[in-house]
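Below are two complexes that have chain A in common, paired first with chain B and then with chain C.
Our next item is the complex of A and B:
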């Protein structure tokens, strides 16, 4: 109870509460994450379970429409899958892939940035050159190319079975240079400070200094990039899935639901595409505006 | 200066060598070309003979040299689906994408940059707040959703623009197909280019706004105000001119980035350009064309980035060159 009280009255939460847009997006984001976490409990049907799907239920409009049914609140798609359930499960997948990709990015980017900053010279220069080259290509291009190459070389069936970890890896690999650059710049400036020199003088090992002394002091810009990157990763995943290089139709993420709905949109079944799109936009907008807030909060000098 | 240019060009060459290695690896590891050419029932001897003929029995490194030699001569291999040189397929689709990107750039220059200047000059007006809200939403809405929204509003509800395709592009100069000569073709290009420009719109508004803000608080603007020059003259002649440099350089790089987004935009609008071709090649597992596209776009990317870097040092002499 005390912990909650402390958390509620902490400076960060107070600043968040005083900002209407940020607090609204925090509430929306928490709600979406809640939906994603408990999707299996909340959704009325299981979209992966083929035995519960009846083709006779296909293309039903949402419940408030005259032709709709209360069993399917947001209607059904062309296979008879409940749209509400597939959106909840899709949201879950998109959030998992987004967070997973950011974890990969942070681990790769922070490690490489730390090495590049601490060991200037050949290794550092090589790492930063690779980062430069990757940054000069658009991250989308790298993700799309890797997806296409992997799909062409191992076939669609196999690609579909490994789609989720693969997407996490692809999006993770295509976005690490940003972190590496930031961390390296921060490490270079921290390295010259006295506490590092003191640590060196008392004979600590370089690895220990890097990990225990420099890294904790270099992490705050990483936090700022992270929040915005989650939104970017979710967007990249949606884009890849929309192009058919992402999650398969049997296990749809929000992007693949939009891709499927696209075919039926122009024949009047608007609900198949509208609800996943709304979920995707809400998710990205709330993360982005929260990201703006975190950036302003951690860096009040910059307007 | 010369050292910097040489260094940038060498770096660009290294990147292209790496790209060619990746492209070669994809080509080399994927399937057996002799089986494609002779069919499943060919005898082992016939296959071996063809392998020698094609040079496939040579060491990997030698094959890579041959591959790079071909690429340098403009031979990117064949498309398995179209059964013609991949370079021809790419060149036939290139005008569509180039025109799309040019049109989108034109929209950005005509709309986003003035909008950014306006927001910087009148930060608290209602129009400025609307512009900033639109640009915030623009960052957050994936381009394929923007595209579908545009199709829904402008071609289905209002029936103003065609919803897909290029119409009937007119061939000019013998090799270029264009959408700009007739009115109905021009209508075809508007929606896709609007969708494509929506990605860059927020970025350009933000850059123009922040640079203009900085310029408007500078000494020379205050001096111009003290001289009693008109507001219009100060904004456009003095402040805006100094924001052009970052816009040109960032713009140059972003035109390259737009290539990535043409894949998404073109696939929604079925615009017969390079991006659509790429997606078709992926779904048909046409590795020949895929590899050619990979090489071609990488080449364009690397060239644009190198040129922008070099031009940057030419326009802005205050930049310190780290090329020694």
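Our next item is the complex of A and C:
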């Protein structure tokens, strides 16, 4: 109880509460994450279970339409899947992939950036050149390449079973240089500070100094990049799925749902594409505006 | 055997095999067990890098160009990095100038004291914690158990310097190198910190090398003084002899520029005119030649060596 009280009254939460846009996005984001977490409990149907799908229910409009049914609140898609359930499950996948990819990016980027900053010279230069080369390609090119190569070499069947961890890995690998650059720059400035010298004077090992003294002092810009990158990773996943290189049709993410709906948009079935798109937009906008708030809050030069 | 014996130590900046500038030129001094030595001189005289070279922590491109540093009979210039690490913070500790920046802002002071103990002593975390509390108590930090969980920003400048002293002393080193430990503090705290350092050195029978430009501080704390100018020691001897009866013209000038010696009528302070020669243009003769009031022709041609004069050592031809 005390912990909750302390948290509620902490400087960060107070600042968040006084910012209308940020607190609204926080509420929306928490709601979406809640939906994503409890998707299996909340959704009326299981979109992955093909035996529950009836082709006769296909292309049904939302419940408030005259042709709609109360069983399918947001209508059904061309195969008779409940749109509400697929959106909830898709949201769940998108959130998992977004967060997972950011974890991969942070682990890779921070470790490599830390090494590059602490060990200038050959190793550091090598790491940063690799980062430069990677940055000269667009994320999508790298993701499309690696996705296509793996699809071609493993076969589509196997690809579908490992699609989620694979997407996390691909999106993670294609975005680490941002973190590496930021962390390296921060480490370079931190390691000249006197507390690092003091740590060397008391006889600590370089690895210990790097890990326990320099790293914690270099992490605040990483936090800001993280929030923005979650949104980016979700969008990358949606884009890849939209192009057919992401999640398979049997486990649709928001991107694959948008892709499916896209084909039926002009034939009048607007709901198949609209609801996943709305969910995606809400998710991205709320993450981004929260990210902006975190960036302003952590900015040492804020007014 | 002396605790620390520095012989003909030279420090240079640049490439060992190529171009380099000599910043410290063949200086020798020694510190006995329990003895306190002050190294005095103006900015750029080479005091601080002398301190760092003892711990073999010269920042690049600095390097030890010659000479030996014997600590308890072992030559520190020949030890490996791993062997050096067991000496740093354990047998020789260092205290820095600015307490506002030498503590890591994101770690509690408890973590920072305990990590030194764990790095050097084979004790459990709980024992290390008790040692940390004792160390804080020794430097008069009130309620150390609670203070252990606080971050550096929750302490004042004087308290932080006391914590740094606690970190330096917690492993019971035999030698402490204090690099201008009171320069960044305000005057009332300065005296307090110096008293504390002196008291702890006496109680723990530790030797101290006090690097400073403040003659007042040095005269209160140390038994020996070495006066450095442009990378060389120009005068060295017992504190009393040097402070009461300076021999070298530079030492005389330094003491004469103290505020107490200001001109009675005009109230103006005395000064040593001119500036110290830069590393790139240290003259062949006496480095103090340009600013010296008693210079002679020989001073320009030949470098005076540190030789016995009355009861001190002095590097000057004019006697």
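The working rule: the second predicted complex is superposed on the first by the 300 of 303 C-alpha atoms of A that agree within 3 Å, B and C clash if a C-alpha of one lies under 4 Å from a C-alpha of the other, contacts with A are read in each partner's own complex, and residues count from 1 in each chain.
We adopt the following convention: a residue touches a chain if its C-beta (ideal position, glycine included) is under 8 Å from a C-beta of that chain, and two chains touch if they have at least 3 such contacts.
Keep in mind the model is a prediction, meaning the values are calculated, not measured.
J.: Chain A superposed: clash or fit between chain B and chain C?
T.: With chain A as the common anchor, chain B and chain C both fit in the superposed model.
J.: Touch check for A:205: first (chain B), second (chain C), both, or neither?
T.: In the superposition, A:205 touches chain C alone.
J.: Just checking: does A:189 make contact with chain B only, chain C only, both, or neither of them? Give me first, second, both or neither.
T.: Touch partners of A:189: none, neither chain B nor chain C.
J.: With both complexes superposed on chain A, which partner does A:145 reach: first (chain B), second (chain C), both or neither?
T.: It touches chain B, and chain C stays clear.
J.: Applying the document's definition of touching, compare chain B and chain C: which contacts more of chain A?
T.: It is B that touches the greater number of chain A residues.
J.: Given the touch rule stated above, what does A:217 touch, chain B (first), chain C (second), both, or neither?
T.: The answer is second: A:217 touches chain C but not chain B.
J.: With the two structures placed on a shared chain A, what shortest C-alpha distance in Å links chain B and chain C?
T.: 18
J.: Show me the chain A residues, by the header's touch rule, that chain B contacts in one structure and chain C contacts in the other.
T.: Touching chain B and chain C on chain A: no residues.
J.: Which residues of chain C touch chain A once you look at their complex with the stated criterion?
T.: Residue positions touching the partner: 55, 57, 85-90, 93-94, 96, 98, 101-107, 115-116, 119-120, 164, 167-168.
J.: Sort out for me which residues of chain B touch chain A in the complex.
T.: Contact set of chain B toward chain A: 11, 15, 18, 22, 26, 29-30, 136-137, 139-145, 148, 152, 156, 163, 253, 256-257, 259-261, 263-264, 267-268, 278-279, 282-283, 285, 287, 290, 294, 297-298, 301-302, 305.
J.: Help me check something: in the complex, which residues belonging to chain A touch chain C?
T.: Going through chain A, the ones touching chain C are 193-195, 197-205, 208, 212-213, 216-217.
J.: Over in the complex, which chain A residues touch chain B? Could you list them?
T.: The touching residues are 129, 133, 136-138, 140-141, 144-145, 148-149, 151-153, 231, 235, 238-239, 242-245, 258, 262, 265-266, 273, 277, 280-281, 284-285, 288-289.
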